[in-house]
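Two complexes are shown next, each including chain A; its partner changes from chain B in the first to chain C in the second.
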Partner chain A sequence: MKLDPSFIWTAFVKLLSAVPTTLFITFVSVLGGLILGTAIALCRIYRVPVLGPISTGYVAFIRGTPMITHLFLVYFGLPAVVDGLSASLGWSFRSVSIPYIAFALVAFTITASAYMSEVVRSGLLAVNRGQLEAAHSIGMTTPQALRRIVFPQAFAAALPNLSNSFIGMLHGSTLAFTVSVVEINAKAQIVASTNWKFFEAYLAAAVIFWGLTVLIERLAGALEKRINVYNRGGVA
Partner chain B sequence: MIKLSRITKHFGRQQVLRGIDLTARQGEVVAILGPSGSGKTTLLRCINYLERPSDGEVEIGGFKVDCKHPSKKEIQTLRRKSAMVFQHYNLFKHKTALENVMEGLVVVRKLPKDEARERSAKVLEKVGLGAKLDAYPSQLSGGQQQRVGIARALALEPEVILFDEPTSALDPELVGEVLEVIRRIAKEGITMIVVTHEMGFAREVANHVIFMDEGRIVEEGDPKEIFARPKEERTRQFLKRITPEASYSI
Partner chain C sequence: MPGAKFDLAYVFDYFPKLLSTLNVTLTIVGLSIVLGLGVGFLVALPRLYKVPVLKRVSEVYVSFFRGTPILIQLFLIYYGLPEILKLANVDVTRTPVLVFVVLTYSLHAGAFMSEMIRAGVAAVDRGQVEAAYSVGMTGPQAFVRIVLPQALAISLPVFANLVIATLKDTSLAFSLGVMEMTGKAQTLITVGQHFVEAYLVLAIIYFVISFALERLFRLLERRLLRHEKTENADRKRFGRRGSPSLRGLLAESASLPKGGSGL
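Let's look at the complex of A and B:
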């Protein structure tokens, strides 16, 4: 086998068209996972009856099973649920009209929510209890205190882990190819299928993933620097 | 005016407060003394419901709450009528000195930002931090942080300010500057309840001294009386133990 450098470039350019799909899957699952994960973390930290234990079990199960398994469970399970629901409610909607990418979005949001909940939870636990008490003592309600005092500090503490999870979801999004979503890796396979230059195509894909990863790290680093101004210490 | 009646508090099976009655009239400074673990902090925290009393009544500025069935709204009201200065300052770490003081004015009192900023700057100036408005807590010394804590409480113009050992986490050389600020605002007629081990300070500033032990008020009265002629044996022992090292002279 001889390396064909020019095809790396050709593949690279062709793969760029799949970047939006990969980023879309990643952003949606990270954002959805963050929202769901925050709710889960709050249920666990504040020991909400019923929801707290359920959350704990949910996180244990999701983290104890592979991401691709979540995708298959959703892919093969969701249609039955949707059709059953739709039949009992008299809708005309059928599961065959669900786009493939929706399965990936749902499954990866579930995956991300479990990991994000741990990130959020450790962030929240890093905030001293005295912060909430001080907020209460000046008359703030608990939602006000969480929003204005606790969450910003928890976010700052969680940012490094958050960016790691983000990168994890970016790389994990490649699994979407198993349910026929054309993201970067799937596109590489398609691009190479005409001339069998798979190595060149996947090398181009690797370069793109690496670039995106570095970009995320840089952005997180810059954000971290900005919001951690208050930690710079040094007694005046 | 603030009035506590028959406050009790249990942590599980341990009873920490055993029926506390306490009154501070408008402008009065009440000092609470007592050995560690006697329930002083818990008592203060029961006043603004950071800790929920098991039983009793809390009344601040004519607003009375039965501790058995307080509503969220009642708790909120008590918290808005009081303010607290914490042993470990508990400044909002991600906010500057000015923002720390502004926070309550803007979010709770709904003052316009400009007005809140102006007022906060004035209060910070009053506690000697006019030059540190934009400093974050991590950039301030313990004494400066505690003065921001005092400013944060003061700016809200509460009916009562609750101090929980405001100087006990400070290096000795920083204690003076904080006590000086508290002494100054006491003279302005702000009602205060101060848990402290600074006997000299209590003697000079307090109108009324309470000595607590094992969740009860063992003895109370005029500071000059209590320090000169304590009636109870437990008070005498406590004062003897604490006075030599804490004879902070004013």
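Let's look at the complex of A and C:
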């Protein structure tokens, strides 16, 4: 087996067809995680009676276990729950008709929600309390103050963490190959084993991921610069 | 795909079986953290001291290992390293898989470690080094006695995160056929078809270890940072803490040290 540089390019082109799947998984899980995570973060910050402690435990548990165990627990546990539910409610829906990618999306959303809640929480805590008080003092209601005053500033403060988590989820999406979703890693495995050129195929996959990561970093950097315009300090 | 019916007895049955492979997981974590620290130092030094060409090399190294998924790196090194070594007439076909796994995790951790070291050293106030020089310390003395202890304390939380992240990443080593905890869980499943039980036990074990590690590091951190004054900087942050009472504010300001030169 000899190193075949030209096959790296062949593999690269073949792998490009799997990029949308990877990006889809990443975007959906980050977006879902952000929504869920914001709810969790608010529950914790406002110390909502029952939900607050539950959220704390949830975040600790999810962050303390590997992403792959979430995926496997959802993949093997969810069908039983769905089947039990539809049997007791008399639906004709069966878990066999759930596409594989749905399990990945659900599992990764759960993973992302825990990490995102920490991102959102740290962002919210970085906003000075006086901002909320000032908003109240000019007559805004709390939801108004949150939406107009606190969230924009929290977003700016959380952006670096957000892009980190986003990259983390991009890298984590490679795990979807274990539940037969054909994303970049699975495609690399297919290309590698059909041509018996493992090194070249994975090298191409690595290059794609590297490129995507650098792209996300750059975009986040540019966005950060733009969003922090208000925050330049000084007197001018 | 649907496995056997959920049976709590299996949860207890699987605990000792999975724990028996805990040492493999911890070996991978321990070795790759230690080796990763070494790699991290080597990679960080050219960037700290701005060595012309090496600086660029370590930048690319860090960017690559932080910019690609660990799973891809595992496969890349597992399949790629033997071929590269074959060019140098070194035969590694009989090397155990564990070596490749530890190597990958070390290189991966090394990239993050170098960033941690860089951030830690940068966070130490420049005046500290200058003060050390002014009392007559040499460069290495100032680094070892003044900068390093402070940098260590500052980067400890990052280090803790890295250790825990590595622990969780070791769950991917099964994809190369290493018999660590996740691999063991999968073999248990092929025997008994009790998917949920096995993964539940797996999750619980990982959680307990990472929780314990977190606590341990927090204790250590408190000990290392005992020279710092406790600042309640988050007191005035967003969040509902009840309206501050005048009495509370007075008590607080009374306990604060007075301004001035402190003489």
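In this text, the second predicted complex is superposed on the first by the 235 of 236 C-alpha atoms of A that agree within 3 Å, B and C clash if a C-alpha of one lies under 4 Å from a C-alpha of the other, contacts with A are read in each partner's own complex, and residues count from 1 in each chain.
Simple rule for what comes next: contacts are C-beta pairs under 8 Å (C-beta built on N, C-alpha and C of every residue); 3 or more make two chains touch, one makes a residue touch a chain.
Bear in mind the structure is a predicted one, so any value in this text is a computation, not a measurement.
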For this session: Quick one: classify A:Thr213 as touching chain B (first), chain C (second), both or neither.
Result: second
For this session: May I ask you to decide whether A:Ser137 touches chain B, chain C, both, or neither, giving the answer as first, second, both or neither?
Result: first
Larger residue footprint on chain A, choosing between chain B and chain C, goes to C
**Asked** After superposition on the shared chain, which partner residues are touched by A:Val50: those of chain B (first), chain C (second), both, or neither?
**Response** neither
I'd like to know which partner A:Pro152 touches here: chain B for first, chain C for second, both or neither. first
Touching partner for A:Leu89 - first (chain B), second (chain C), both, neither:
neither
Request  = Considering only the touch criterion stated at the top, classify A:Val229 as touching first (chain B), second (chain C), both, or neither.
outcome  = first
Would you sort A:Gly77 into first (chain B), second (chain C), both or neither based on which partner it touches? second
So the chain A residues that chain B and chain C both touch are 128, 130-131
Interface with chain A, chain B side, in the complex: residues 48-50, 76, 79-80, 82-84, 86, 88, 90-95, 103-104, 107-108, 132, 135-141, 144, 152-153, 156
Given the complex, residues on chain A that touch chain C span 1, 3, 45-47, 60-61, 63-70, 72-73, 76-77, 79-80, 83, 95, 124-132, 150, 154, 167, 170-172, 174-175, 178, 185, 188-189, 192, 198-199, 202-203, 205-206, 209-210, 213-214
As the complex stands, chain C meets chain A at residues 1-3, 6, 63-64, 66-73, 75-76, 79-80, 83, 87, 164, 168-169, 171-172, 175, 182, 195-196, 199-200, 202-203, 206-207, 210-211, 214, 234, 236-240
Per the touch rule above, chain A residues touching chain B in the complex are 128, 130-131, 133-141, 144, 148-149, 152-153, 156, 227, 229-236
